[in-house]
Amino acid sequence: MNEPVVPTPTLSWRRRLFRQLEPEAWPAEGLSRLNRFICVLILVTAFAAILETESSIRIGRESWFLAIEWVAGSLFVIEYLARVWVAVEDPRFRHPILGRLRYVLTFPALVDLLAILPLFLGLVGMEALFMRLIRVLRILRLARLGRFSVALRALGQAVRARQFELYVSFGLALLVLLFSSMMLYLLEGGLQPEAFGSIPRAMWWSVATLTTVGYGDVYPLTGIGRFFAALTALSGIGIIAMPTGIMAAAFSEAMQKNPRR
Amino acid sequence: MNEPVVPTPTLSWRRRLFRQLEPEAWPAEGLSRLNRFICVLILVTAFAAILETESSIRIGRESWFLAIEWVAGSLFVIEYLARVWVAVEDPRFRHPILGRLRYVLTFPALVDLLAILPLFLGLVGMEALFMRLIRVLRILRLARLGRFSVALRALGQAVRARQFELYVSFGLALLVLLFSSMMLYLLEGGLQPEAFGSIPRAMWWSVATLTTVGYGDVYPLTGIGRFFAALTALSGIGIIAMPTGIMAAAFSEAMQKNPRR
Amino acid sequence: MNEPVVPTPTLSWRRRLFRQLEPEAWPAEGLSRLNRFICVLILVTAFAAILETESSIRIGRESWFLAIEWVAGSLFVIEYLARVWVAVEDPRFRHPILGRLRYVLTFPALVDLLAILPLFLGLVGMEALFMRLIRVLRILRLARLGRFSVALRALGQAVRARQFELYVSFGLALLVLLFSSMMLYLLEGGLQPEAFGSIPRAMWWSVATLTTVGYGDVYPLTGIGRFFAALTALSGIGIIAMPTGIMAAAFSEAMQKNPRR
Amino acid sequence: MNEPVVPTPTLSWRRRLFRQLEPEAWPAEGLSRLNRFICVLILVTAFAAILETESSIRIGRESWFLAIEWVAGSLFVIEYLARVWVAVEDPRFRHPILGRLRYVLTFPALVDLLAILPLFLGLVGMEALFMRLIRVLRILRLARLGRFSVALRALGQAVRARQFELYVSFGLALLVLLFSSMMLYLLEGGLQPEAFGSIPRAMWWSVATLTTVGYGDVYPLTGIGRFFAALTALSGIGIIAMPTGIMAAAFSEAMQKNPRR
C-alpha cells in the first residue's frame, strides 16, 4: 500500500498529435479540439462545393471559392501527412515504413487521400465537375469521426440482425410493385403509351404511388385504371408500414445499446 | 457403447432429385443448389419478360429475348417433368400413376404448368401480350420456395388473427372516404364536373388525399372545398395510423415466431 | 338435484321478431338472419345511390335505380313499423303507447325514420340531390349493428382517454401550420398573390405540405421560400408522428379490450 | 379534536387578481375565469389578424377589424398593467419598484409587451404588415397558459433526452438528401437546368421526394434519373421511419409523465 507515485512520462509530440487526430485514442469524452476544427473545415468545404454548383452563386465569386478550396485543401494535405506520420503510434502499424504503408492502404486513409486529390488534379487540368463531386463527398469523412461512427455501426448491426424481415418485406413490396405496374400497363398502356406503355414505364408511376410521393406527372385516366390505382395507393400503406416498423425497432434498439458515458 | 455402425443406405437417384427439388425435403439449411439455380432462372426470365414490354429495349433484340425464353422454357419443362417423376417420393403421392395424377392437380403443380404454357402456346400462335404476362407471373413461383413461403404463411396467420381490427379500421376508412367524397361532390361538383361531378369521381380525389399520395390532377378550388379537403388530409393521418399500427404489429409478431435455425 | 324440467315457454311472434331485429337481444353470436339481410339491403341501396350520382351510369338506367329504391324503401318502411311494434318488448319501452312514442324519439329510431323519408319526399316533389344524399347516409345505420358498434365505442373511449395528448399534438400542429403559413405569406405573397397572398390562402399550401399530400397546385418559387417549405415538409414528419403514435396506441388498446367470444 | 377554527384571512384585491392572472398561483384545477377570458381574447384577435390578411375578407370590413383590435388591444394593455401591478405578490419580485422592473424584463412579460405594441405603433404610422404579424404571433402567448405549457416542457425534456438519436437520424437523412441531390444533379442537370442545374436546386426536389410530399413541379425525365429517384423515394421510407419512431416514443413518454390531477 506504500507504492511510489509513478511519474506520468511526458508524452512525445507524435503521441500527443496521435491522440488529437485519432478519435479512439482521445482519452476524454467527445472529439479533440483538432478533430472539431477538421469537422468544421470539412463542413465548410463541402458546403462551399455544394453552393459552387449553383452558377448564380458561383459567377463573380470564383476567387472566394478558390481561396476556400486552396486554404482548406492545404490543411487537409497537412492533416493527411500528419496522420501518416503519427500512424506508427497505433499498435497495428508499428513499423516505421511498412506500418505507415499499411496505414496508407486502409480504407479511411484512402478516403482521406481521395479528399485531397482535387487539389492536385486541379493543377493538371482535371474536369471541374468531377473534382467538385469529390469535394462534396468529403463530407463522408465526418462519418468516421466520434460517436456518429459508433452509432452507424450499431445501426448496421441492428439492421443486419433483422435482415430476413427486411428481405421479406422488400420481397412483398416488389411483388406489389410488379403486380400494380402490370395491371396499369394492361389497363392504361394503350391510352397513355408514354406513361404506361411498358412495365418498366408503369413502375415509375407505381413507385411514386406506393411510396405516396405522388408527383402527379403520370396517373391513370380510365375508371378501371383509377380503381386499381386506388388499390395500389391503399396497399402502399401496408407496404410502408412493415419496413417502417422494422427499421424503427432496429434503430431504437441500436440506440439503446449505444454507449453514452 | 459397442453399437454396430448402421451403414447409411445409398439413396436412389429419384430420392436425391426429390430432395433437391422439394425445399421441405432438403436436409440442410437454405435452398438446395438446384433450387437456387431455378430461382435465378425464374428471376432472369421474369426480368427479361418485363424488359421485353418496353419497345425501345425489345426492338432489335428480339432474338435475345427469344433465346432466353427458349432456353429457360425448356429447362422449366424438364423441371416440371422431373417434379412429376419424383412426386411419388412424397408419402402423399405414393401410387405411381394415381399419386402423380393427384400431384399434377395440386395448386403448386398447376402454377408450374401455367409457367411452361407460354412455350407451347407460342407454337400455336397465341397472342404475345398474354404470354408475356404469364412469363412475368412466373415470379410468383418464387413465393413457394424456402423461407419466404414460411414467412408469408406466418404473416398470413398474424393478419388473420387481427382480421377484426383490420375490418374495423377499413370500415372507418371507408366511412371517411365516403363522407369526404360526398362533401366534395356537393361543394365542388358544380364547378368541376369532370373531377367532382359524382361521388365515384370524387372518390378518386379522396383516395389520393387520404393516402397522402396527392397526384394533384384534381383538387378543390373554392375556399369551403379546400377547408373540407384540409380536414380530409388531416383525418388521413389517423386513417393511415390505424392499419399501419396493426400491420406493423402483426408483421413483427409473425417474424418473431419465424423459425430461424 | 331432482328439479322438474321447466318447459321453455313458446315465444310470442312479437318476441321472436324483437330478437331478430334487436342485435343486443339476439341470443347467438353474430347477427340474426334478418339483420344480415337488412345490412345487405342498406349496402345495396347506398351503393346504388352512390352510382346514381354518376350521370354516365344513371342515364338510361333510371328505372333500375327507381326499382331498387322502391323495393328497398318499402322494406325499410316495413322494418321501421316492425321495430315500432316490437319496441315494447324492450323493458325501457313497456307502455303500449307511451313506450312506443319514447322509442320513436330515440336517436337510432330517428335515424331509421330519416332513412325512409326519401321515399315519401319523392312523392311530394322534393329535390333529387338532397334525397340522394340521405340515401347514401343510410350506410350510417350499419354503424349501430353488431360488433362494429362495440368496436367504435371502445375506440371512442380509448381516444377520449388520450384526449389531452391529442389536444397537445394538434395544438403543436396548428402552431407549425400557422407559422409556416405566415412565413410563406411573407416570402411568396408578393410573387404569387393567388396562392400565398394571405395567411388563409397560404394555409392551403401548408396543410398539403405538412400532411405530405403535396398536390403541387401551389408551391414556393423563390430560394428562401423553398428553404422554409423544406423545413415545413421536414417538420411535417414530426407533426404526423405524434398523433399517429397516439392513435395507433389508442386503437390497439381499444381492440385488445374488445369482447371476442 | 377541539381546534379553534382559524379564520381564513380575507385576501387583498391585489392577491386575488394575482391568483386570477398567474396560472401557477391558481389554487383550483384548470385555468381561472379571467385567464380563460384572456385566452378567448387572444384567439379572437389572432384569428381576426389572420383573416385580415385576406383582402377579399378585409375590404369593406376594415372598421370591424379596427374595432376588434382596439377593444382587444385596450384590454391587453389593462391586463399588462395589472400583471405589473400584481407582480410583487410573486416571491421573486417582492420589491415594489425593482421587483416590478425585474418582472418587466422577464421573457413572458416581454412577450406581453410585444403583444400590445401594435396598438401604439399604429398611432405613429407603423407599417400595417409588420403589425399584423405581431398580432398573429400573439397566439404564442397561449403557449405559457395552463397545462399546455407543462406538456410542452415535458415534451422538450423527452426530446432532449433523445437528442443524440435525433442527431444521428437527421445526420443520416442529410447524407441521403445530399447523395440523392448530387446524383440527380449529375443525371438530370444537363437536361433540366432549371430544376437540377445545381445541387441546391436538386435539393428542393430531393426534400419533396424524401418527405413523400411530391409536389410534382420537378421530377426526373430520363430512365436512369427515374431509377435513382425511385431509390430515393424508397429510402425516404426508412429516413422517415427513424425520427418518427423516436419522436413518437419521446412524445408518449412525455405524456405519461405529465401530471394529470
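The letters A, B, C and D name the chains in turn, as written, and every chain counts its residues from 1.
Basically, contacts are C-beta pairs under 8 Å (C-beta built on N, C-alpha and C of every residue); 3 or more make two chains touch, one makes a residue touch a chain.
Just so it is clear, the structure is predicted and the values come from calculations on it, not from any experiment.
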| item | value |
| --- | --- |
| Same vs different contact residues, chain A with chain B, by half of numbers used | different |
| Cα-superposition angle relating the copies chain D and chain C, to nearest 5° | 90 |
| Euclidean distance of C-alpha centroids - chain A vs chain D, Å | 33 |
| Chain B, residues touching no fewer than two other chains | 200, 208, 212-216, 240, 244-245, 249 |
| Chain C contact footprint on chain A (complex, rising order) | 212-216 |
| Residues on chain D engaged by chain A in the complex (per definition of touch) | 162, 164-165, 167-169, 171-172, 175, 178, 182, 185-186, 197-201, 208-209, 212-216, 219, 223, 226, 230, 233-234, 236-238, 240-242, 244-246, 249 |
| Complex contact set, residues of chain C against chain B | 50-51, 53-55, 57, 133, 136, 139-140, 143, 147-148, 151-152, 155, 200, 203-204, 207-208, 211-217, 240, 243-245, 247-249, 251-252, 255, 258, 260 |
